[in-house]
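What follows is a pair of complexes built around chain A, which joins chain B in one and chain C in the other.
Take a look at the complex of A and B:
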């Protein structure tokens, strides 16, 4: 059998109405160097026994992650179970210039695991062993497919837990958390993934081992670990992680405070933090989100409230009770007209469950939602929420707000129905306007979900050309052939130029140094 | 998620219902960790979210063969429904679209034969008991996997001596259980008697319909369900206050009768009243059985809560009765039995069983107790420990308490009892 040349492969793709790589993100491989059939043959030969899905019907359920607005059927999906297999897969893919898209549980909300049409999805879900728990050092060594919840459960007999707890903590994997630098409800006090991972073992695009970080809090040399965390699968494939464990606080109690207006609730947030309270979590939900969550968990949220604040304190019992009492007083002064604080662990978990399930519970209000992730300075919360409400009216799409108020990380959920023509585009336009608003208020376009493909355009609002060029150089240093998750996280400069042309802000042309055609 | 029904399916009511159900899914993935097959295989296609996507493809007119293979691997334990924040009715989706899927990709002859055999034997206690008797004879030549599923013949269970009571409840032993574990409903009958409730054995009823339903024989399922309603209705009319069904899977099925007969005006109302009358034996004991004397066993036992049983009810009862339980920290939910699944998907079913059995055995319990005949037989074939229905232990403990206090239960004392039921309803 003769191997079709690269040119003919491109023609085949073109005939199927497809092109090579996505044109807008980090540059890719320029397309594989042989036919799909040959790629599959080589992969099967390299990793016999490893499930390799290639039938279109098998591939479609992998076409998107938690963000269903972006879909792409991959060339194939591999589900290896040993590091040696991952190594072999990477070796073959690099030789044949096949893009590799690492994927955890597929719960991401920015399309970070969106497949590439000529690439391989590398599913890491079978790596779900907790390799070691060291209660004295308070660390756990885990495989990348282990879920956050599983780490906390396995370490709970030692009185320890893993702090980052995104809403999807029951399902999402530590590998995906590292890729997106995931946060969670309690990151206000305990930090993001980057603050809770001590070291990672990765396989580079060449299939070589690399250990970044160390079991100590500091490691010699540049902090490449911090660079890797949040790099969205562009720099390496995580095959093992050592995470930091924290002692379970003896007591945690949660206050639920209802407010008659979104404004009074968001003002209360600034006041609490400003006065030196250090809650473990401080979350806000608006009326739409309250009603959706209440319908699922029946936690007893007041469904008539305009906004809810969920404020948790943890620590020693006396300290917690004191804080709860003081915070309740402040919240009442800020206009809270309903207060409830948990008096048992069951009640606390139930009250949290509504918040944690609020995103998918929005599925009860509309068939589709689009979740934003902009972060703003806390003091701008009232203004941001007011202007988001106006934008929602302008675009005629409901927006539910449920977010990490304590650290200003907004999660407006734009509710839409993809089966109605133009609603998706309308939702995307609204989303972009919300992110522009975040940047305008001095914030950033992503707090914890990552850029993925979803916020590529918004990256151009945040960074200037030299900065983006530097990002591309870092990518090249780790992955010169561009096989790892191409098309994600960092926009190509011409993408920004094209977008910039559409948004001339206050007369200033963004990216003036780039030629426009 | 959006669904674009294919042109040919737009007129189909089942397809439109499927579309409606899929639109509730937002693809969040919260269901993944709840799914036993996903836990085992790590493949999106073997997760609830993946299966919903596969059904979506079929509704959109693409594929079918792959979808069916992965849906066949689904245990229908519906753990995903409890985990789903957006309220996707997964079980209903699968049941609704089963026919469409079958039309897209017909099964092979071997698969059809196996399903036909299960359908024509198991739901009929008379046939089933004969087959089981023959199978015990030829046990040495049966494949090991099948032989392990044959429980050793139980010691001739003594028919309970029962008494007429003013309160009456209908006791439905079900098809497989009445043949494979008659001790279960006899124990339940004795416990009822002690509570002052007269158990009426449902005359001549066989399968609750679940077996037909899960094997995709909707018509046969509905026939069986209507037959059961015709049999049970007069008893309820005559004053039976509840239906007691020891097998949790059958109880769940009967609770779903109203859904399945919603469009049948002749039966819908009775189906609803019958479903409302179903009472979990654990609830019965929790509400009125705590006063009966009981001699708790010395050694702790392990409880396997079937996927079809309301979680925690049996455990709560046992705690209240002071029966020690072994802790099961990392116990997976499903044992892999799932009705006919153990016969249709032996490989996965056995892997799930091995995980569950080792979790159950980890705390060195005296025995394993469960609430469903499918789980009972399946676990027994993969564990060295004795596995039986929890009601049998309660019955035993109550009997012992009666003996140790020197107070025989009323009927045995005054000699006015009557033999109430045959061991096997055929």
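Take a look at the complex of A and C:
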């Protein structure tokens, strides 16, 4: 997903000066062992047919991913088309200790594909073949640059689909989904990427070809597939994946229910889940998000409502109609004062459109917005919203809230104007306070967007030194030279020690000249 | 044995630290119901069953956290009182089975192809590594991508990477209605039939073939189950609970046949026959097959590998997993060393030198 509204970040960062290598994430290579010119010469020699971009103008499109607040021009971008080329590139980079940053469609929201100044971006977008669809085994074998949507389109003649549907599903690729363990609007019922991938082929940093998982439902030995999925490109480069396909449900229907208070909407969510309803998706929006979405797409949402629930059921018609009727009753009992259930596919898509446009709609309310991704236990939803509202007042920045209510995944959108001095920093501080709140309520700092560079500091809130040390040891077992995506996902221990000191000062940051992320 | 809930974290951490200092291998013991699932371990016994107790459970959160020594039966009982269950339907192989042992062995029952495997429901763990250090990974929320997914990675490692102290699981409402359909089906057509059915949007929750008959369990709302049953046809099985229990716990008469038991994990549409005589018992809608008989292990491993799966011999004392490719085995060893540098946790349980 791109965020054109974040364009003014660029000005701010230009004012900050070019960003250097980030010293606080996973340990890196310690820098290349030779000059940029020599690196390019060696790469060209090793993969003569492979496009290798190195002019500043060619590199510009790769300077950031969906988190445009962080930008860095890389040394070069390689766009290989064969596994052999990837293998050669990795070999050269390992020999010369050049960081390699694997990249899919670049839609990630945490800076996981942010380039390294002295590193190579390895773009996997030319790997876009669907190698096989096996309707009896209900699997598709695909290259990593294939989009989620393309898999579902190729498998729909068999009545099958690939379930994970992140908001960027039209553009985002399976390789990136695997790196981030992507979720989506329907992961409440169908699970995350980790639940929908059977096997991946990876190249390790050492250029070794490994198959993790199997074409069956499990594999001998350790569950390496679970470890790789969500590892943010630090453990290996995915060159092929076998994904699980599901029978497409014949019918889906959506209820939109409005509530006079966030508390009553939250209670309704607990009630539906506790009573055994199994919605395919269960989303909530607060008043600011409702008004933004309605003004943007006119989905017919009641703009006075304090909270809106969107609750979808899918399956056989008998089952769906049954559930819709019962759920409507429960929602009314929980205080819903407006109910609308889709009776056609067009109506269902229109009702979804408001929720699906929440981010761009928020983008029209302020020049910039910053999207958070914390997760909390569902019961804490009212408290979380109340305290986010207080933080919003404290920092004098509006926050619109959309969440995956069924699984407690919050997406507060902090609205600000980066052209005002300090508003970007204020937005970042407010964001960090929201993540602190999520951890305090028993939740976590990221539900589906990943840590990337954005949440390295917040990782110290969630993990202690022994766990972080174990993460680094796992990285070392896969990539002893630290060439794959260094500086991402796992903070160095001294970084956390510094942040610990910062917390003593209650948000008054010492050393304001040091970059924070 | 005391049945009291108690927290033995400090005592267990002390035991592991002493073993680490002296380089003494430990043989981890929960309810002692599953020794046959791996190779026998030579080491000092470390009993874990008294570290027990359900710590947190709120039905509306669909999350349960318990100490690893908690009896599985206690968890089933508590969940049932709220019309909830563990959707991966784990077998227990005995009344003393513990939560820790179940997750350490990564066990899933007949519902697995439709609801997910044990690892899919593990949200977080607290564990002791091979240095005696307490580590916490994951959490008690359903979505969490902070850090590597260590909780799922250690599931199924049979204690070779760490000792579970606490486990948080996602639980689900128990489907309000279930029905099992049964009909005669020849082994030659069973696989294809199972795969065809599983590709249809029916509310399936289990599907197996016992060599002669095909069994299909539907679960969901009353209207949904009824509508699917009418479309599919077949007879309604009497006492379906007992039947699926016998499949799950491997007490079905098939498992009493002579010869060692093999588990074949293969892509569901894999066509029989298996090398060697005899008809397999097909579960997981084709993806898990049981086979009884004597055969050179290498022949079955090659058969399973060439079809994209793997085979495991389950025979008390001499169980063995499909051998790993050298590069993969060496990665396993590096990862094992990162959790357990002196190799004291259940050494050799899965593979030699692991």
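Details
In this section, the second predicted complex is superposed on the first by the 479 of 517 C-alpha atoms of A that agree within 3 Å, B and C clash if a C-alpha of one lies under 4 Å from a C-alpha of the other, contacts with A are read in each partner's own complex, and residues count from 1 in each chain.
Simple rule for what comes next: a residue touches a chain if its C-beta (ideal position, glycine included) is under 8 Å from a C-beta of that chain, and two chains touch if they have at least 3 such contacts.
Bear in mind that the values here come from a model prediction, so they are computed numbers and not experimental data.
Contacts of A:171 after superposition on the shared chain: chain B is touched, whereas chain C is not.
Between chain B and chain C, it is C that contacts the larger number of residues in chain A. Contact with chain C, but none with chain B, is seen for A:218 once the two complexes are overlaid on the shared chain.
Contacts of A:102 after superposition on the shared chain: neither chain B nor chain C is touched. When the shared chain is aligned, no partner comes close enough to touch A:412: not chain B, not chain C.
Looking at the shared chain after the overlay, A:194 reaches chain C, while chain B stays out of its contact range. Look at A:382: by the touch rule set out above, it reaches neither chain B nor chain C. By the document's definition of touching, of the two partners only chain B reaches A:363; chain C does not.
Only residues 134-139, 158-160, 180-181, 183, 187-188, 191-192, 194-195, 204, 208-211, 214-224, 226-227, 229-231, 235, 247-250, 270-271, 273-278, 315-319, 321-323, 375-379, 404, 407-409, 442-451, 455, 459, 462-464, 466-467, 470-471, 473-474, 476-478, 489-490 of chain A touch chain C when the two sit together in their complex. Chain A contributes residues 51, 53, 55-58, 60-62, 64-66, 68, 77, 79, 81, 105-107, 123, 125-126, 128, 145, 147, 149, 153, 157, 168, 170-172, 295-296, 357-364, 367-369, 417-419 to its touches with chain B in the complex. Touching chain A in their complex are the following residues of chain B: 1-4, 23-33, 38, 41-45, 49-50, 53-54, 57, 62-67, 83-88, 329-330. Against chain A, the residues of chain C that register as touching in their complex are 58-63, 83, 106, 112-113, 116-117, 119-120, 129, 133-137, 139-150, 152-153, 155-157, 161, 172-174, 176, 192, 195-196, 198-203, 220-224, 226-228, 265-269, 284, 287-288, 307-310, 312, 321-325, 327-329, 331-332, 334-335, 337-339, 350-351.
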